[in-house]
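Below: a set of structures, written as structure tokens.
Shared chain: subunit A. Partners: subunit B in the first complex, subunit C in the second.
Presenting the complex of A and B:
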């Protein structure tokens, strides 16, 4: 056997695996997005409609726009809150910060939990009858004593955001602690001696030098927020009504529950668009040249 | 403009004592060098003055104000860091302007003052660049310009030349000296390089194990060392330290070989210190004693002769045109004016 043939033969298994699990499903879903694609109607998976599914989503489906809106707000809120809180925690926990040691180890615990589990546990916590958070919030903020968290559209959404922020803070904090450790200490000390207050040292010296890491954190979290599914599925299942229905939940519902595979595939491909931008930005920051 | 006064300053980390009850007065406009080997507490002392480190005990005064509880920004000091501590995301102009900006200097004043500081360190053509685009020496100048752009009460310099190559260090040293005499601001300068200390300082404080061993002018610490440590630390080549005893006013080496008149009472154990320049080298038979050459080194500007004297080796400085071979016999004579006696157990100087 010639070396050349052997070379291709050796990478063949990997190519087959990638093709079978990533490339083919992608192509197939793109194909399906142009078909009638109803699981209940035999033959409809080969019945092509052109861009009709896409047009349908844009023009005739308020539920689609609702989920776009929910996903956007959800992403903005979770990314913003998680980043700000994680940065604050990182500043406290970083070398030279006020707290340290064992706290860092404890921090990783929430991240070790699967999103589905977080969803289930938060649902329990906010149960109006025996939920711990429900009770605690009721005591701390009396007007919230009698509310049913997961029944009210706004509050249910807030619970989803809370659960997600809670689950993500630890990991992002650890990333930011690493980022802070790479900011040269002497630039910070130089700024202190130069006459900068704590806030100005942070704004003028620490933050600009942390910016690349912060950008990666924000992009990464945006990607994860955009495709959130399991947590919401377990926590509210998109409800009440469609108040917490994110795009991935909407896709799941249309595809798996209503059997509209073609339509679900087209919405999934619409979601690819922002993902491509974010992934590109992420790659640019991570593999940036010095 | 102000003096810096340290009163019983101590810094401890757990059991480790970095600075041990130090008191020191730096007068107004004085250039004081803290000199010592690494780990002697000199940098810690400086960082406490800057406010970057909190003293365990003791007081720090700048001018007529006790600054122990002041933040670094409120102490009105400027510091040059060993690694320069430049802001990598700012241009050189912004780096130099930063101390003015955070102190709310009107922007109309900033531009001329930055230009003036940049001129003083010859950096004007680099103002638009970032620190990364500059060489080590140029970065050092930026750090210097950032310190001199305003007139602080005190300059603090933490081994500012140690990251430069040998040649550049000599040039920068002269520039630093020129600048410091021009600016006339109280300066505390930390270094482990005794030449820097000798050349720059009005006064030198030689530190070891968190304690100042001797405080004096460069002349004093060179010509009149207070103890064995200072004697051995200052000077290049290091001072020869020869073990022996005093018998009838004569110094006798441990090997029992040689005698040099030193005066004083008889003592069983003393260390005789003599600098290489204070040993006169001559042909065999013409000095106090004839010794064989262990190694002959020609440095270009002088010759260094390591000779075997009894069981000890001694370095003598010879004329630049002297040429000898290993194992040649030469005569050496010690200059009786510049001999130092030390007690080997305490290290302290014995004055006769």
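Presenting the complex of A and C:
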């Protein structure tokens, strides 16, 4: 067989799978978003009503805006905290040596843990009666004793952010260690010889050269933060009330619990839009090297 | 002298910070490990020392929990997903790596982009379709949608491995009269085998931990382990000792697999943006 034919035949099955499992559902979701789309009413999936679902979300659904707000704050906080803490840890671990390399190996563990399980684990630790957190902080900081973490809206949100940051720091750290390794050592040494302080070396030499990797990390983490569902579902299930209801959770609830699949699809598509920009930015970094 | 003194202090501070980081990282995991070996009375007390019991690991497999059934579902779903994904991804990855295709960049970007589509967007139409054709609560249905999340990773990761295989052996074999397919079978596949195994393990972990699809598509017959966690609730609240035992059964195999492929984890997750 000629290579010219073969090369397309080899790609074909993958393209078919990607089309069937990702592109088709995207398009079909878009179609559903313009329908009445009630799961309980056959035929309503073909009953079109234009942009009404979108208008409904924008004008008449405080819960939608709540989830946009929750997701935004959640993303900003988790991306910011995870990046800064991971960068710190990466700087601590980058010098290598047996001890530090051993710690790097351990970093894989939280990342292999299913996010749903991370949610369970944090719910366990923050249990007001017999949770670990209560026992430790209740003793160290008495006002925190017997605080019902997951009952208070702000604290529950804080716990969700903590769980997310805990789960992602290890992975981001590993990426940044890789990034630090590619910063040429001689530029750092040159700056040190010139008498620059550790902080100046970091700010003026290391950080600018780390910028591309940092950008990749921030984009990637933003995407995963925006999508967050699993651990929220297991940790607070969006509650108390809707205090921790992210967009994914809001879509799940409307589509699956209330059976309003048309409306859920419209919100889902509103969520796809920021993803397109982030993906575009990410793709630029991936292809930069080729 | 002052300089050296300062350096020692800095070193000690660094070590202390690293130790704190390890502690924070391991405590939630250790907490689950401990609770899994406690009886249901000890769980409600913060004992660090207790008489460990293996009872919980037996109870979770008994009625009404039947964790064994979920374990089997998870294993079959993750395994079959990988068995389909890896060969398909390998063919595509080889082609992307070795040839110039019309629209190649577009295809690669689209494949990359599908990874970023929120799972909840993908699952809505699949739920409707599976309901209509009777694939709800089946392992086949779950495998099909799992391919959506696994394929982009597999293609990008394997492409990275094949990119790293030098061209000359392939070219030499072609000069000797081997066909392209023979070259792929006799030269590329053996050389890429460790990479394919790595990608397979990576995809297995992702499929094993998958939550949202299984939550929406299954309710009894095809329930997987992460969804099974929701079972351990009684009227008086969560059954933490059983929940923890189930948690260990979910995470321990993944820890082992992740350690095996740890060198490639970063590359896999970032799809080659960071090597």
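Following the convention adopted for this analysis, the second predicted complex is superposed on the first by the 268 of 290 C-alpha atoms of A that agree within 3 Å, B and C clash if a C-alpha of one lies under 4 Å from a C-alpha of the other, contacts with A are read in each partner's own complex, and residues count from 1 in each chain.
What we mean here is this: a contact is a pair of C-beta atoms (placed from the backbone, for glycine too) under 8 Å apart; a residue touches a chain by one contact, two chains touch by 3 or more.
Just so you know, these numbers come straight off a predicted model, no measurement behind them.
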Which superposed partner A:209 touches (first subunit B, second subunit C, both, neither): first
Subunit B versus subunit C as contact partner of A:103, first or second or both or neither: second
Residue contacts on subunit A - larger count, subunit B or subunit C: C
Touched partner set for A:45, first subunit B, second subunit C, both or neither: second
Touching partner for A:189 - first (subunit B), second (subunit C), both, neither: first
Touched partner set for A:118, first subunit B, second subunit C, both or neither: second
First (subunit B), second (subunit C), both or neither touched by A:82: neither
Subunit A - residues contacting subunit C, complex: 1, 3, 6-8, 10-11, 13-15, 17-18, 21-26, 28-29, 32, 39, 45, 88-89, 92-93, 99-100, 103, 105-118, 120-125, 129-130, 132, 135, 166, 169-171, 174-175, 178-179, 213, 216-217, 220, 223, 226-227, 229-230, 233-234, 247-248, 251-252, 255-256, 261, 264-265, 268-269, 271-272, 275-276, 278-279, 282-283, 285-287, 289
Residues on subunit A engaged by subunit B in the complex (per definition of touch): 184, 186-187, 189-197, 200, 204-205, 208-209, 211
In the complex, subunit C residues that touch subunit A: 14, 17-18, 21-22, 24-29, 31-32, 35, 43-46, 85, 88-89, 91-92, 94-96, 98-99, 101, 105, 107, 109-114, 116-128, 144-145, 147-148, 151-152, 155, 179-181, 205, 208-209, 211-212, 215-216, 226, 229, 238, 240, 243-244, 247, 250-251, 254-255, 257-259, 262, 265-266, 269-275
In the complex, subunit B residues that touch subunit A: 50-52, 71-73, 75, 77-79, 81-89, 98-99, 102-103, 146, 156
